[in-house]
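Should a chain be cited, it is by its letter among A, B, C and D, assigned in written order, with residues numbered from 1 in that chain.
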């Protein structure tokens, strides 16, 4: 969808998944530090399973939105007389959503009782990122300079995410890689919104000059600022989750006698946070 | 061979090897899970040996086909008066087949009693992929846009396969890497058929406009769809092999008392499937 | 700042940090070889903490210098009538300093009592290098050929540093990687000075012809010579630190009876060198 | 030196080092398989030391040849009136030789009693390869198409060698990596000779048309053939060294009672081959 909404939709998806990944991997980090048994691991498996279903749902919503907006292809790939392709842009976007949906499906199969070997979920996610980057690389052919640039700027975030996910196949449960991938997803999210607001200014703002060199320079720098802010967001989530776990632990008992006891509490805090998430 | 057949031949080779690799690596995965002794490993060594011979044969067939088709070079590299090169395209294709043949020869040497160190077979396969990609990269110089694009789209599959095979040198018997490489080989296979059908439409279909921008956009997307379908094919083979092993195990005895016994059965099933393959 | 000073400032920063990193990682190497307890490790943690603060300070100095030089933007991003961006170059430089400042802040958080997991400091440094390279990649758009070339030549040093730092996330305390990163920082430092002296010749020297092909060829070669000299500088520092430790050990006692004793001395020498550094 | 000799000289260096590396790493492979004590390792250290000295010597010979050929710069970098650079091509070649010389110097320091940490020799070799590739990348600017192409074709061999050597820093004594690097060095060697014979046909052969598209296509393919032949050369050396060790073992005793004894013999054979090399 060549509109503000068409960029806001994927932006929102990436933003939400990025924020959720941040919360998840900080929680995972604390649960890894605090307990060795499988209790929490199973909670996370359930979470991953739900995440997979949400990914599939996001993929389907995206495809339906691209197909059935007023100027969409409505499932027609070509018209016969005269012969021509129908809204190929929308079909390309559908293809991207399809691969993220497939990635969700593999998540579901990995964390349901079927239990595909761990790593396939990351491989499929990496493939989904690669396909997204691949399509964006060709997507912008023959468009105004600023349009091309804003879309191309997504590529470092996309291929960075792809490379990180490939590494995760081999280095599973690596806190740093997971947090980095989350931050890149948030970057994609906020930048999709930025693209929308540059190419289709909302609230009746004036259009940008799409061939101006200074605008290009600003947009490049703005992309870096986005990432600086996204790092800040990740840091704040980190601190909030940290404080939540600490406070629960502090309030739950005034005198903690043994370290083991302390760990027990922390585990429970993680579990209660997880439970709160489930209940939402 | 600049013809439909010239693309269908390598396409068929890649497709068959890709499908076979999928079957092989799923079988290997189950045999790794189920047994620790060398019994099955030897079966796989025999299989690898036969695969090597088939690769050499494919290479030779490819070279002969490229040399002795009606418009082929018939082993002449240049003519003298006037001095000019003869059918360099066909010679380039021969070079590609040559390296896959060499890769087969190294497979044979690795799994026959000579026993080159493991890893050389992967290195040579990676080199064969690299040479293929290298030649394709320059192959399309000075041709119509869609011709260039369809051939260039092979490059991610080729270099992806090359990178995966390089990783396999260091991470031997990695299920995920092997399955990924198999899926990329299938992608090459189906895409070669697609290139043939786009550039030399069979069954008297109308020619494609080789300079049309929308055709390019479609072809890029179509490539992704191919991969989605190829992933599906790999998944179906996975399920079929899984079911085959499970059913054989179930049918061979109603009451299985011990897990060890169960494993024995599964091993036998693998072995019987391997035997069935040999007998074919 | 498009001036000699504007290139000398970052050059000096990189040079000083590069030299310091060289000293630090040789000291670390000897302390790793000589002792197993945590005594020296804590000294290094203190050093890293101070280094972090200095990085933050450098970032802030850089930003202030870029903003408040006479032809700087003085914190204005755009003017209203007529609407235009203000000194985007300076804003881009500020963005670079910002990320190195952020990297310093993460260093501080990693080595202060908060103790972020090790590896985040390297990740943030790698991101800072990447952003620097990313901005430089687009920075030189639409400028004279030699201007473009001299700036582009920074890219191997920058992205080399980025890749090395990424590897350091996974291979912590690797002497070779740390020394290599230090040498690339020194290369950036000396090359920034070279850029300044080519584009804005100091001491009233004649200007360079910015479009001359031979000048380009020389500049490319000159870059390699810089690196050869920088390797020599690293080697000399290595030898000096080595000799310092050896001499202190020799002078502190004529007869050393046991190897353990010898090790003790060496540890003390390291410590005293560290102390000397603190006192400065 | 823009002449046949100017390409034959580095070609010969790379060819000789490549062949020697092949012999060395096959010998090393057998000595690793056959013995666990340090006896042979020390022999190899001596060899590496000598290799380092030969590298330094090659570097110096190369630099002197480039400087003092009849049309060389004779150590003048520029002339004053009128101001111009002197034979920058030759200076660039000198820079390449310089870095290989430096790599030799680090080899010497690693395997002499000073004993730099292992890995620095590989790092410096990787840097030397990188500088070579870096200079070649810019080297061919503004020259005929075939001239550019033949030089650019060196880049995969150079950067492949660089990447392999970087891997060797972390995976020391890996037979596959060492043999691969050797094969790429041989490829550089034979290809340098090919470049010389294409651009400056010896024996009064007719000149090549440097802008002909078919010539380009042939040269690309020819490069792959070179590598096929170089792989064959490596294989033959492998077999010869293998046979030499086997025959020596066989001739030295008709009845070998114990495996340990057998191993002893093999070790001695390796040692005697090494001795033969020393005596030459």
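Criterion: a contact is a pair of C-beta atoms (placed from the backbone, for glycine too) under 8 Å apart; a residue touches a chain by one contact, two chains touch by 3 or more.
The structure displayed is predicted, hence computed values, not measured ones.
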{"item": "Chain located farthest away, centre of subunit A as origin (C-alpha)", "value": "D"}
{"item": "Rotation angle (°) superposing Cα atoms of subunit B on subunit D, nearest 5", "value": "90"}
{"item": "Subunit A-subunit B separation of Cα centroids, rounded to whole Å", "value": "33"}
{"item": "Intercentroid distance (Cα basis), subunit C paired with subunit B, Å", "value": "47"}
{"item": "Multi-partner residues of subunit B (each touching 2 or more other chains)", "value": "none"}
{"item": "Pairs of chains satisfying the touch condition", "value": "A-B, A-C, B-D, C-D"}
{"item": "Subunit D residues touching subunit B - in the complex, by the definition given at the top", "value": "29, 156, 171, 175-176, 180, 213-218, 220-221, 224-225, 227-228, 231"}
{"item": "List of subunit C residues in touch with subunit A within their complex", "value": "84-85, 88-89, 91-92, 95, 98-99, 102, 117, 119-120, 123-124, 127, 130-131, 134-135, 138, 141-142, 169-170"}
